[in-house]
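Chain lettering (A, B, C, D and E) follows the sequence in which the chains are written, and residue indices restart at 1 in each chain.
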Amino acid sequence: MTVDAPETTTLQRFVQSGVATAVMGELDNVMKSHNEANQTVKYPDNRPVKLSIKNLVVGYLDHQSGQTTVAVDKVSLDVREGEFVSIVGLSGCGKSTFLNAIAGLVKHQYGEIKVNDRLVNGPGKDRAVVFQKASLFPWKKVGRNITYGLELSGMKPAEAREKASYFVNLIRLTGFEHHYPHQLSGGMQQRVNLARALACDPEVLLLDEPFAALDAITRELMQNELLELCEKVGKTVVMVTHQIDEAVLLSDRVIIFSARPANILDDIRVPFSRPRKGLIKDSEEFRSLMSHVWKIIEGNANIGGGI
Amino acid sequence: MSKVTVFPKSKAAKRQKIISLMLGSSVIIVFLIAWELLFQFKLVNPLFISAPSRVVLAEISIIKDGTLLKHFIVSAKEFGFGYVAAIIFGFPFGIMLGWFKLLKASFGPFIAALQATPRIALMPLFIIWFGLGITAKIVVVLLSAIFPLIVNLQVAMSTIDPDLVHVARAYGAGRWQIFRSIALPTSLPFLITGLRLAAGRGLLGVIVAEVFGGSEGIGYMIEYAGSTFQTDKVFAGVLVVAIVGISLDVTLDRVGRHFDRWRSDTAVH
Amino acid sequence: VKKTEQSTGAGAKPETVVRFATNAGNLPINFGISKGYFAKEGIDLQVVTITGGVEAVTAAAAGEADLGGMGSPILVGAVAGVPITIIGSPPASGQHFVLVSKPQYKSFAELKGKPVSPGSPGQGTIQAFNVIAKAKGFKPSDFQYVNAGTSGNALAALQTGKVEAVITSEIVGVKAELEGFGKVLESAADYFGHYQHSFIFATKSFINEKPETVRGFLAAYRKTVDYLKAHPDEAIEFAVKELHQDAIPYTKVYAKEIPAWDTSGRIDFAGTEHALTILKDLGDIDPKSQVTAHQIVDEQFLPK
Amino acid sequence: MSKVTVFPKSKAAKRQKIISLMLGSSVIIVFLIAWELLFQFKLVNPLFISAPSRVVLAEISIIKDGTLLKHFIVSAKEFGFGYVAAIIFGFPFGIMLGWFKLLKASFGPFIAALQATPRIALMPLFIIWFGLGITAKIVVVLLSAIFPLIVNLQVAMSTIDPDLVHVARAYGAGRWQIFRSIALPTSLPFLITGLRLAAGRGLLGVIVAEVFGGSEGIGYMIEYAGSTFQTDKVFAGVLVVAIVGISLDVTLDRVGRHFDRWRSDTAVH
Amino acid sequence: MTVDAPETTTLQRFVQSGVATAVMGELDNVMKSHNEANQTVKYPDNRPVKLSIKNLVVGYLDHQSGQTTVAVDKVSLDVREGEFVSIVGLSGCGKSTFLNAIAGLVKHQYGEIKVNDRLVNGPGKDRAVVFQKASLFPWKKVGRNITYGLELSGMKPAEAREKASYFVNLIRLTGFEHHYPHQLSGGMQQRVNLARALACDPEVLLLDEPFAALDAITRELMQNELLELCEKVGKTVVMVTHQIDEAVLLSDRVIIFSARPANILDDIRVPFSRPRKGLIKDSEEFRSLMSHVWKIIEGNANIGGGI
């Protein structure tokens, strides 16, 4: 992917797009032939495809130095309605970038993203994101942070308040509705971040390490709440996580990303039936799946150099 | 929740307000006393520099004979309209300049030129366009007060936290909603600063405008008293303006702090 | 700012610095410096440029000027107790403001109820307007006073019909006539009778310290004025070339004015008393004031 | 690191600068053309409003005869000293007011009063204290320029991220180090805004001061030309001030953006 | 701990101290008798005490509502030189508050904190903190962020740069020295945060979930680097973590905090010898220790109500 400096005209387009559109464009044909074969449906499923990503390339241009960092490199992925897909990979490999691209927050330079068969070219209410950083609005109290998405869609204040109180209970923050974010602990902030997304009740839920700041007990509680919610209404979820056990426990499929730039190393189907209980963790099958995933990432880390 | 103790609300806040008030007043009072002493010990010439005691007497006399009220109403009207107009035009314009880079590139230099253009050179133009009545004065106030608003809000837009914008966009916020839910709270300190500067500038503007033309208003009163060496009356007029200035400033500062109360109290030092 | 005009005149080397407060473009002062009349008296005359009489008086009180020459604020200041003494008169010391109306007006009476600009508060222009109005049987409240200043601003207001008449200097009045949107309806001098408007003053401390220099200044001033009166063409040429005065109206006004100059520098006491009375009427001077013209004037330094 | 592509540095940045320059100039040029047309079609009176073509001629003539340079040097000196003085006093004072709450409570109202006090009323005082020379003008510029700095920096201090202060303190940073490593970078946008407003205000100040007294400087030139109906020369003077204003503004804006280049480019909209 | 509103005079002192000094003061005597008995040295050790905390009480006052939240409630703890102590507990129980109090960033209302037998009443260079939020200086590049502490102590730029490059390698961010924080992934930011503290080489290292944003592989790498560093120079470490296995693996003692307000539920000595390898994770002893810890927290969570 190291490309020589293009002539000025290409450079201009490059700059206009904000990132390396032009450079990537040149790779068009190469990639088409290369990728189309790859895109076999690994696990046949009769549910409709909710989220479809094809040959996604995302890079960042540093306007000052003129450097581009390619974070996501030709990733293709289909997620079906009601499916729970986890993504694991090394720190800095491009997971958040991938998620943000699906959310429509980061422009991609090549490939396409479709939700419900419609091309994504910006954020939309069909998707909600739990960000890696809590990024709460510091001037809004907990309750108003949770109802942010609802207020945007024009829900009446009374109704929104009611919903907020439901989610405040769900994330075990009863009594903190009227606190400002800076008065919360790190884990509490992350839970508010989670509630903000859940409250919107979107078709596709994009979670970026939603439980990272939580202790084991609270984490399990929240995982169960999420599982219950998803199983009840059949939400489509893409979750980035660092806990392999969490990925296996919650997901239908675990996607393993390579070191940066991210591409898919493996796509593993989790064979346990639903509803699942925390108990499966102790099964031999669970453990062997976990160590399988671990070994794939580790192998790639060793080969791939820099983390 | 069993470990939360509640104290009578806002007593601390009230106490703080009182302390602030006392401190602020005492500095001014010390200044006034020093001034009075200078006068009493004949260290200043009362012909050009009055003394607090004499200013108070002059103030009382112009209050009694209704002069002050008459002029005050005129000036207040001019200032009020001009200030509000400055907000109405300056606020959205500043925001837009900060928001749209092309707009800023286009109009930035023009605004800078306008800001630095001596009003004095444009007086004939002013008269031709706006006459000699209240309109002209409102325009002078507007032109004095608008630049702090434009410049401050423009810069405010560049300090918006991009993470929060990401959040808003992810939740489907449109431009207007991003503006309301992020740009506005972020720009609040800038807005308040702009409003405070604009208030000070606007007050100067109204006085200047009345000095340059017109036969009513505090500025006219000051100018007339000045040209006839009634220094006490000059300072009586200045005192009124200063009091209005302080009131506006304190009010705006308080409003700003009210809306900024979400900031943690962490002492900086 | 103390501006040193280079003395070109030959002869005695300037010794004493004298700071004279007046507005930019003062003809005798600038001409005298340029021709070296002051230098010949041993005076290095420096012009302290100010915008009005009030500033001149203040500058003197602040010790920023020793002498000065401006209009009625000198009287107001002297009566109010500013330590200055009137020592002489400029060659044209009377009221020379004119009332300029839009061309369609035939008489002053037609201006009743109309917006007029009598100039900034405290200035001689307001006195002039009021005197004319009184003589015509009107009160100030019969007009809508809107101050548009005296020169360019006043003309702009007149031309665009923001006011129907302005009271201003003769030159500006002539300018308005030349431009075709104004007509000199009245001349204030016709109504004032015995009235002195402009003076030359010195600070009391300067008089005490350097009485001879005051004498020398007035002598040089007299010589300058005498020369100018004898050579009106040269006077006007100097004003236009060196002082950048607006040529046509200046020429028109001064060609008529210079020959009528009184070069003696004497004070018109009756006129000054009259001025004091008018200023008291207006409230510019405390009506209870007992100060007379003789108390604020000292003619002993004038050349014999 | 194999996946990093390097492009010739800063070409994009250069391009952007050129575009900005072009946009900014074109707005001004359009304005000038419109003005010239108004004049050519006799829609404005040349007695009061000049025209770009005539202004340029006047400009050339005062450049040729040295008038402009003479006055410009005087004004530049007055402005320069006053502006620098405003920074020297206003910067630390504003920071301290923002930093120490008691100081703000004490001097806030006094400053507000000072800001709103009409300079015009204080002219006699000015003359008495500072004379009619350059000092007086420097003080006027100082007084015009200092308030945006004080008020902006004061508010800047309240927007400091308390988390970062925590970090600094945890690493043993003293007050001065916290100031340098956090307060300064945080206050930069406020400082630049303050400097931009101060530049505009200071330029107006220098002109006003020269109009009120003195026989040198662009302000004097404008005033004298105005009173002798040399309208072209008036505007030639105004043009010079406007150009200085634009240059200062653009420079300050660029300096601000240079130091703010760490901000992510995330488009707000 | 629910205290009635005191009279105005007490309230004044209360407000002045920023938090509830006065209120807490009244509990002085009660607590003295209550606690001194408690403070037995559970595990005799002949190393000198590096960090000594006695009866620590920390609360927050909400200036607007007048509410106080007590976060740390009479905690006593001795940490010896070279000891590695982990703290685990529910989200929001007061772990970060406790750490910040030791760092001298949050005022305590009662009790005392001593480092090297000297009372702590503010931050100092003897302690360095890895914050829960990365809190990097957004206007400094990675390298300058890492050398922040060094620059404060007046190290020469050349020397600091060299040190920075060592730590950049250590946290596997070679090539990113000249990136601004916003150009890094969440995990990369957290690693810079860690390096910033390590670079200072303090006597006491206070870590607040330093590995939470890291994937399993990177986490293990970083854990090993930290262990190596600490074992080499014998650093005293207090680490807050949510991963019980991490706590057991790295520490000499695991302290279990109760739900808010935090007090010590248990203080467990970890019996494994050093140097340790990741391998001990598979031992039966390791697992039983982990589930022991888990059960104590869980039991408290169930009893204690709100998380």
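The criterion applied here is as follows: a contact is a pair of C-beta atoms (placed from the backbone, for glycine too) under 8 Å apart; a residue touches a chain by one contact, two chains touch by 3 or more.
Remember, it's a predicted structure, so these values are computed and weren't measured experimentally.
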item: Chains touching both chain A and chain D; value: B, E
item: Identity of the chain that, by mean CA position, is farthest from chain E; value: C
item: Which two chains share the largest set of C-beta contact pairs; value: B-D
item: Whole-Å gap between the CA centroids of chain A and chain E; value: 30
item: Length of the line joining the C-alpha centres of chain C and chain E, rounded to whole Å; value: 83
item: Chain centre separation (chain B, chain E; CA means) in Å; value: 48
item: Multi-partner residues of chain C (each touching 2 or more other chains); value: 54, 58, 61-62, 152, 155-156, 159
item: Junction residues of chain A - those touching two or more other chains; value: 65, 69, 133, 174-175, 182-183, 306
item: Of all residues in chain B, the ones touching two or more other chains; value: 1, 4, 45, 48, 124-125, 128, 162, 166, 211, 223, 226, 263-264
item: In the complex, chain E residues that touch chain A; value: 60, 62, 65, 69, 88-92, 95-97, 132-133, 172, 174-175, 178-179, 183-188, 191, 208-209, 212-219, 221, 242-244, 294, 297-298, 301, 306-307
item: Interface residues, chain B side, partner chain C - complex; value: 45, 47-48, 123-125, 127-128, 131-133, 211-215, 220, 223-224, 226-229
item: Complex interface listing, chain B residues touching chain A; value: 1, 4, 163-164, 166-173, 177, 181-182, 185, 259, 262-264
item: Residues on chain B engaged by chain D in the complex (per definition of touch); value: 19-20, 23-28, 31, 45, 48-49, 99-100, 102, 105-122, 124-125, 128, 147-148, 151-152, 155-160, 162, 165-166, 175, 178, 183, 189-190, 192-193, 196-197, 199-201, 203-204, 207-208, 211, 219, 222-223, 226, 231, 234-235, 237-238, 241-246, 248-250, 253, 256, 260, 263-264, 266, 268-269
item: Residues of chain C defined as touching chain D within the complex; value: 1-3, 24-25, 47-51, 54-55, 58-59, 61-62, 64, 151-152, 155-156, 159, 175, 179, 244-246
